[in-house]
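Each in structure tokens, the structures are laid out below.
What follows is a pair of complexes built around chain A, which joins chain B in one and chain C in the other.
Showing the complex of A and B:
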């Protein structure tokens, strides 16, 4: 069994790469992870997940990627009680377009509305800035891990 | 279950070729995959087609770099399959051959067209502005690339048309952080352009571009927007955006480039009027009346094709077999973004996996070892590409993220460590 599930929604594969990077970073600390596409994650599984890291890009002008949309729709229609569940959030966006990083905010808001508790700040990468995605994702998870995931685990 | 995995040749290192490699590598990490690329440098359309100011879209190369670093994946650039190695030899040497050569030429208008008229394909223009070593722009009698002039038309309403419009309209400041070719930009003299007219056969509601692309274009601070051919029934996002932009009263001092959108207008013929320029005759679908307009250059953005071009490094349509797969634009036509073609790559990968598991394809051929003697001596490895990559990043000025090397021989010298950074 894993300690953290890293679930991603992607269009171009960048969010999948970020999810892999985040998982590798956690693995290196001895935190067991599993990486899964949001397409293959059912909201009924959420209650069994010790901690969820959610990674999603934003498509077009603030829309959910095709692989994130079904998960969000299921959250919205089933409205499961997520109290007791913790998650952290990392978004990929491009400030060239309107509604920068809208998708991660939409998903996070929904999780909180359903009772889940967010640990740490939402991380955001801006592809238009030309900075390394891997560096942004791993720096973010470093901060989250030192501030909260350890605390949560103990 | 077989214990050995097939050897795989990928022809073309653009996004489709890289995505297939990525999915196959996830499934079979031990499978030996060779990516052949005709140019010395990888990434095809991401490097040369995605507009130079869309660095966010180009950022998928971070995934592909990681892929090419893997031990089981071998990049062989400056190897033209069809010339250096025959397609047939490749199928004899690899268990699986994936053709990902894309669509390399601009589709041309099927209307009467005077040879002297200055008509440029949008793909060729974007390639040139992306620093492609063999971009095909019109040249004058001395072989110099011709200027675009002041009055430009763009025919088409898809994302490529909008890319072309934006790249011509943008000021130097607005291109900060891009990897545009400043040399080509100066030669075609984009700074001298005063107006750009987009002519669309379809209505605003049927325009093929993404809303986000149109929003980005009309938000440029230096453009003034006007629209013709909008019907009252056009109520979609693009029509609304354009109405609003047209109504916005921009200070003349700020707006240096006039952008005119004309919808529902069908090009009829292009002629050349000595002393005036290139004349476009078009017919309005809404009023059924004919218009004549004179431009210095007409840019066509009506799609991409390989047909009507003879090029030995493009696989023939009848080149088929159990172990041969096509992916991306070569398979499905010039449709969709990089992300949509990733889905195609996933589907093709699943087909390859299914065919292997059902025994239709087998793991028996030696792969790269069988073709090493066919490789040109100056082929480019991943390490060679990294030398070019570093050179390009190091030689860019502070307002560009990269200055591409546009000379093939220079690329090869850098790749082989024969050209030190000055």
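Showing the complex of A and C:
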């Protein structure tokens, strides 16, 4: 069994790469992870997941990418009770478009609306800045992990 | 360097050899240039980024555009607008994710290693065909799951079809393109027939499954196959050849690459900025659009000058110089285009180029020109014919 499920929604595979990077970073800390495409994740499984890291890109003018859209639609129509679930969120976007990183915000809002609690701030990668996606994803998960460890101590 | 009064002398030999001084003047003095009744030219980086992504920029040609040979791709992502473009592109996108590309380039590496084994005792090899074309072409064949033979003919016919994309295309260019398309379509139809008899697990098999489920038509499958089959090699091969020529002419750059793995990606990115294989492309706005105070009517043609934008000095300081240490926000060239129609092969092209250069850097200390390379550059697309090199 894993401690963290890293679930990604993608259009061209970059969110998948970020999800793999995040999982590798957690694994290196001894935190067991599983990585799954959102198209293979049913909302009924969510209640069994200790902690969810959700990663999604934004497609076109602020739309959900191919594999995020069906997951979101299922959340929306089933409206499961997610109280007791914790998640962290990382988005991939391009600030030269309107609605920068809209998809991760849409999905996070929906999870919170259904009762889930977000740990840490939403991480965002901006393709227009030319910075490495791997670096952005791993720096973000470093911050989330050290903050939540400190949180437990206090 | 000497230039002419003409703003864009498409077919002038000097312009085709080195268009950049003309581009610089175009950018400075004619930032929005109306070339003829229907056509407007955008060359500044800022405008390029903003307007390529504009939702009114359609791939669908208006009625005044006469039928032409590239209409053989009418049933592909080349001519579709969203949402149909999105649905169609997703069929092939998932075959070129960063994760899968890491698998595909293993083929590029093994074929490159075989090619390097054919280098003659004195270090000589014709590098364009053997090192740049063959490994990238075979990589695409293996993604598709199709036969890898007749690489010379595939290359020759691909050159014929891209040769008519220049705004100055002659009837001879168009006739050659027709012949090139005939060969490529016959080749690909035979591949489909062979696949139906002997299925496998390549991208072509996936498309034929989509045909059975009604998600792609036969024409979409055939045209998409031709599109991917012919474009596997030329552009990545051009990038690779242009970098090898740089390495031969400027040995310190090869040393820098060889000795510093951490700068390799940035160096490749900078070479791609300086040498985009495709110089420009066109769009057709579906509504009136005002750019720099000029109202461009719906149904006009707008040509976006990729190669000019890549050397816009307001973004790239001393734009004609190689500098892999440019700040990241000033290294975002547009060689692969931007927006929903951005090159579908961007990830694999970069990965192939790096994989190939890494193999070369591992084996050799020095690259020299054995003879002057032969190129076939027009004002739209750039190609090498031969690049004779000595590897030491």
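What we mean here is this: the second predicted complex is superposed on the first by the 148 of 154 C-alpha atoms of A that agree within 3 Å, B and C clash if a C-alpha of one lies under 4 Å from a C-alpha of the other, contacts with A are read in each partner's own complex, and residues count from 1 in each chain.
Note that in this section a residue touches a chain if its C-beta (ideal position, glycine included) is under 8 Å from a C-beta of that chain, and two chains touch if they have at least 3 such contacts.
Here the structure is a predicted model, which means the values were calculated and not measured.
Engineer: After the alignment on chain A, I want to confirm one thing: do chain B and chain C clash, or do they fit together?
Structural biologist: Once both complexes are aligned on chain A, chain B and chain C clash.
Engineer: Using the superposition on chain A described above, determine whether A:14 touches chain B (first), chain C (second), both, or neither.
Structural biologist: Both partners.
Engineer: Is A:84 contacted by the first partner chain B, the second partner chain C, both or neither?
Structural biologist: Neither partner.
Engineer: Just chain B (first), just chain C (second), both, or neither: which does A:30 touch?
Structural biologist: A:30: touches no partner chain.
Engineer: So in the superposed three-chain picture, is A:128 touching just chain B, just chain C, both, or none of them (first/second/both/neither)?
Structural biologist: Touch partners of A:128: chain B and chain C.
Engineer: Once the two structures are superposed, pull the chain A residues common to the chain B and chain C interfaces.
Structural biologist: Residues 11-14, 17, 59-61, 96-97, 128-130, which sit in both footprints.
Engineer: What does chain B use to touch chain A in their complex?
Structural biologist: Interface residues on chain B, with respect to chain A: 19, 22, 54-57, 59-60, 62-63, 66, 177, 210-212, 215-216, 338-339, 342, 401.
Engineer: Name, in rising order, each residue of chain C that touches chain A in their complex.
Structural biologist: 49-50, 53, 55, 82, 86, 90, 93-94, 96-100, 328-329, 331-332, 338, 340, 347
Engineer: Under the definition above, what is the set of chain A residues touching chain B in their complex?
Structural biologist: Answer in residue numbers: 11-14, 17, 59-61, 94, 96-98, 126-130, 132-134.
Engineer: Per the contact definition, I'd like the list of chain A residues that touch chain C in the complex.
Structural biologist: Against chain C, chain A makes touches at 10-14, 16-17, 20, 59-61, 66, 96-97, 128-131.
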